[in-house]
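Below: a set of structures, written as structure tokens.
Both complexes shown next keep subunit A, but they swap its partner, so subunit B is in the first and subunit C is in the second.
Moving on, here comes the complex of A and B:
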């Protein structure tokens, strides 16, 4: 039966894409959850539309570049405002995300052309092409490298910022770089994953893993296993029952979360 | 910390005219302190007097005016000051997936915390031994008691031999027994290592018993000296009332 599924080129490509995207989102998700940035990744996803809109206005041939640069600017502005501590983080993020998304929607819906972009909402991993896979693979390597390099600092900052500073960790710089990394990954994978689901893929595997992990090694390992498992099973199931792939993956990840939650309580 | 050195009393940390303002509000001003190695300096004062702010300014987390220098009085050279810090509390939940090894590695080492290293583990164990916490190395930090966590944080703070150890209200959430143990440990550290301790404390009894130097603060230094001297000052009576007659 699996042989039937993978006789199609698009299924093979989608499978390879999931092998790249899901562990990367999971891995970064461990720190998104640890640093309580769930809202942040969600907001970035919503603002992807604005990135696209800017690209369209400037009539750039490659929308990815516009999206990534916009994502970086958004992330950096957000960090600046957050550090002022005048508003609580979730408020700042919601304000910027709603505003960003509204601008994106407004521009893209001019002359009733939004349907061209609505696929971004749920994403479509089945439409990925061979040439795009290479970029995803590079993103995986690059993202993992960055992540490992900054992992200790990020962990330390999540425990206590002042303590991290007293250990000579450049807290603001590391936070900015990590935010830009998240922005890059969100913007480059959003077409396949979908705006509505991207933060679920960051959060769910890591959250499930926290239910049963006692140290960082277990936390990271279980997160990657859960990400890959829900990604691959989701792809196969979605093909069999003919449902969009993204939601199926998220549903499986959610089931894993509740399973580990109950198991972890024991 | 491996070496046991007798403190020499020759190093001096000098805080000169330190001030901190948030926006337009002056939080600290004209702080002048000399802190010698081999002594415990306790910062006391009412809530909001700027004790924690002073600690954060010394660490360099918040910008300040004035100067902090570290001088070796024997040859008069100014050296880089190495600091250890123990915060009031840390951000953890019960299910935070970090054990003591992960905690210390993330702050003190470059090698990614997910790849366990035998060598790092040995070093951490050695550091924990000084505070009787070696057996906690694989415990999840969310499950540690207040006292256990305190010992782990102390081990981490002194593991690369700081010249100055900063303790910010370190005794909250710990019972009397734990407090005694904590102050005993700090005194031992002072006696056997070449370091100075600055301690923010709310407990005037412990300060009286253990501190060599007491600084009463309210935005600036109100009174400074031995505990007996400070506790008998009019400024002290103004802040804390007539409860103490030391």
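Moving on, here comes the complex of A and C:
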């Protein structure tokens, strides 16, 4: 029964994509949860629509590029405004996210053709192309490298920003690169995960792991295990029972979260 | 800590439990069956009905349809993994062509052995060009629908064009089927089915005597071919077959058209056109006919469904004239 799955090109592509993306989602997720950036990744997902809209207007053949570049710009602007500390972080994110989403919706819904893009909301596993896999793999290597290299800085920043600054960590630079990395991962996975669920993939495995972890090593290891597990099982299950892949992955991750929550409370 | 089970053991148990439950779900889901003999898959409803008639009593051949989209037409339809499985078991795939099935390029790249039969009414030499949208999300945003810049491809709504489609499907099946006996059946059935359609053609002729030159407004592209066959003049077309958002300006435009053009009636599809049509009716008093563009089965997959539904459409127009 399982053998059948891999006779399809699209399933092979999807499987390889999940192998690349889910450990990375997990890794970055540990920091997203630590740094309380859950809302940030959600906002980025919503803005993916604007990236698509810009790509459509410029009639680019590869929408990924437009989406990723727009994601970077959005992340950088957001960090800039946030650092001014005139408004609280959640307000800034919410303002930018709604503005970005409104522009995207406005452009994509002219002529009443938004339904062409509604697949973006729930994701479509068939949209993964063979040519994209190489990019996902490079992203995995780069993301892991960045994470390991800056692990201490990131951890210090997530605990106490001022303290991190005083110990010569270039907080703004590290934060910008980290945000751009998240933006890249969000934009490259959004078409098969869907806008509505993208932040769940960052948050749930890390949150589940936090329920039971006592140190950074455990935290990171369990997050990656949970992330890979829900990704792979979710793909197989969604194929067998014919449900969209994104929701299945999130549901599995949610079950893990509640399981570890109960265990952690004991 | 006082924990009863060790953490790694707990995690392993939790994950194993989830796998077990998933396994039960997978087992419960019915696997797609691979029937012996030849399997033909049709892309959507009118193609299914036409192929059903052509195959008729031929032996050793099964016909399946792709899962039905909830929305009106196929333009924005995305194949589900279930569809991919269905196509994997198929030998022949019958499609309308002309850009209606946006996903054909995906199917072609996935399965090189699948024989595709284009029912499209004209010589389909250039179909590759039409279908060559690499990705449904990547193509540029044309005015209105993707295919509105091309010719209207809802061929099945025109009875003469539908007859050509029947011929094309019969020829395509014959070319793809190695079985001599079945090939003669296709030809015979296609002819018999076209004979049955004569009833509709004569009804059309009868209606045409009074409908010729009548001004109509159309709320579904598919209905345009039908009104053309009846010699009616379309003064305004608006495609309302998806969850399309209408701007206030467009409503005003339609109302102006009705007032200025002595519009006889509006032809619309009930599910997607009724809201707009009722609004215009309220404002101008024009009569609205709700016709079936035959894009969805609505439960009727019998071989006579096309004739029955088209007849209903024509009778509605006749009664309104």
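One rule holds for everything that comes next: the second predicted complex is superposed on the first by the 264 of 266 C-alpha atoms of A that agree within 3 Å, B and C clash if a C-alpha of one lies under 4 Å from a C-alpha of the other, contacts with A are read in each partner's own complex, and residues count from 1 in each chain.
In this text, contacts are C-beta pairs under 8 Å (C-beta built on N, C-alpha and C of every residue); 3 or more make two chains touch, one makes a residue touch a chain.
Worth saying up front: this structure is predicted, and the values here are computed from it rather than measured.
Using the contact criterion defined above for the overlaid structures, shared-chain residue A:242 touches subunit C, although it does not reach subunit B. Put simply, more of the residues of subunit A are touched by C, taking subunit B and subunit C as the two choices.
In the overlay built on the shared chain, the residue A:131 is in contact with neither subunit B nor subunit C.
On subunit A, the patch touched by subunit B and the patch touched by subunit C overlap at residues 218. Remark: subunit C residues 2-4, 7, 10-11, 14-15, 17-19, 22, 25-26, 28-29, 31, 71, 76, 78-82, 84, 88, 106, 109-110, 135-138, 140-141, 143-146, 242-247 touch subunit A in the complex. Note for the complex: subunit A touches subunit B at residues 34, 148-149, 151-153, 155-156, 158-167, 169, 209-211, 213-220, 264. Residues 1, 7-11, 52, 56, 59, 61-63, 108-109, 111-120, 124-127, 129, 191, 212, 218, 222, 225, 229, 233, 236-242, 252, 255-256, 259-260, 263, 266 of subunit A touch subunit C in their complex. Contact residues of subunit B toward subunit A in the complex are 56, 59-61, 83-85, 87, 90-92, 95-99, 101-103, 105-114, 116, 138, 140, 166.
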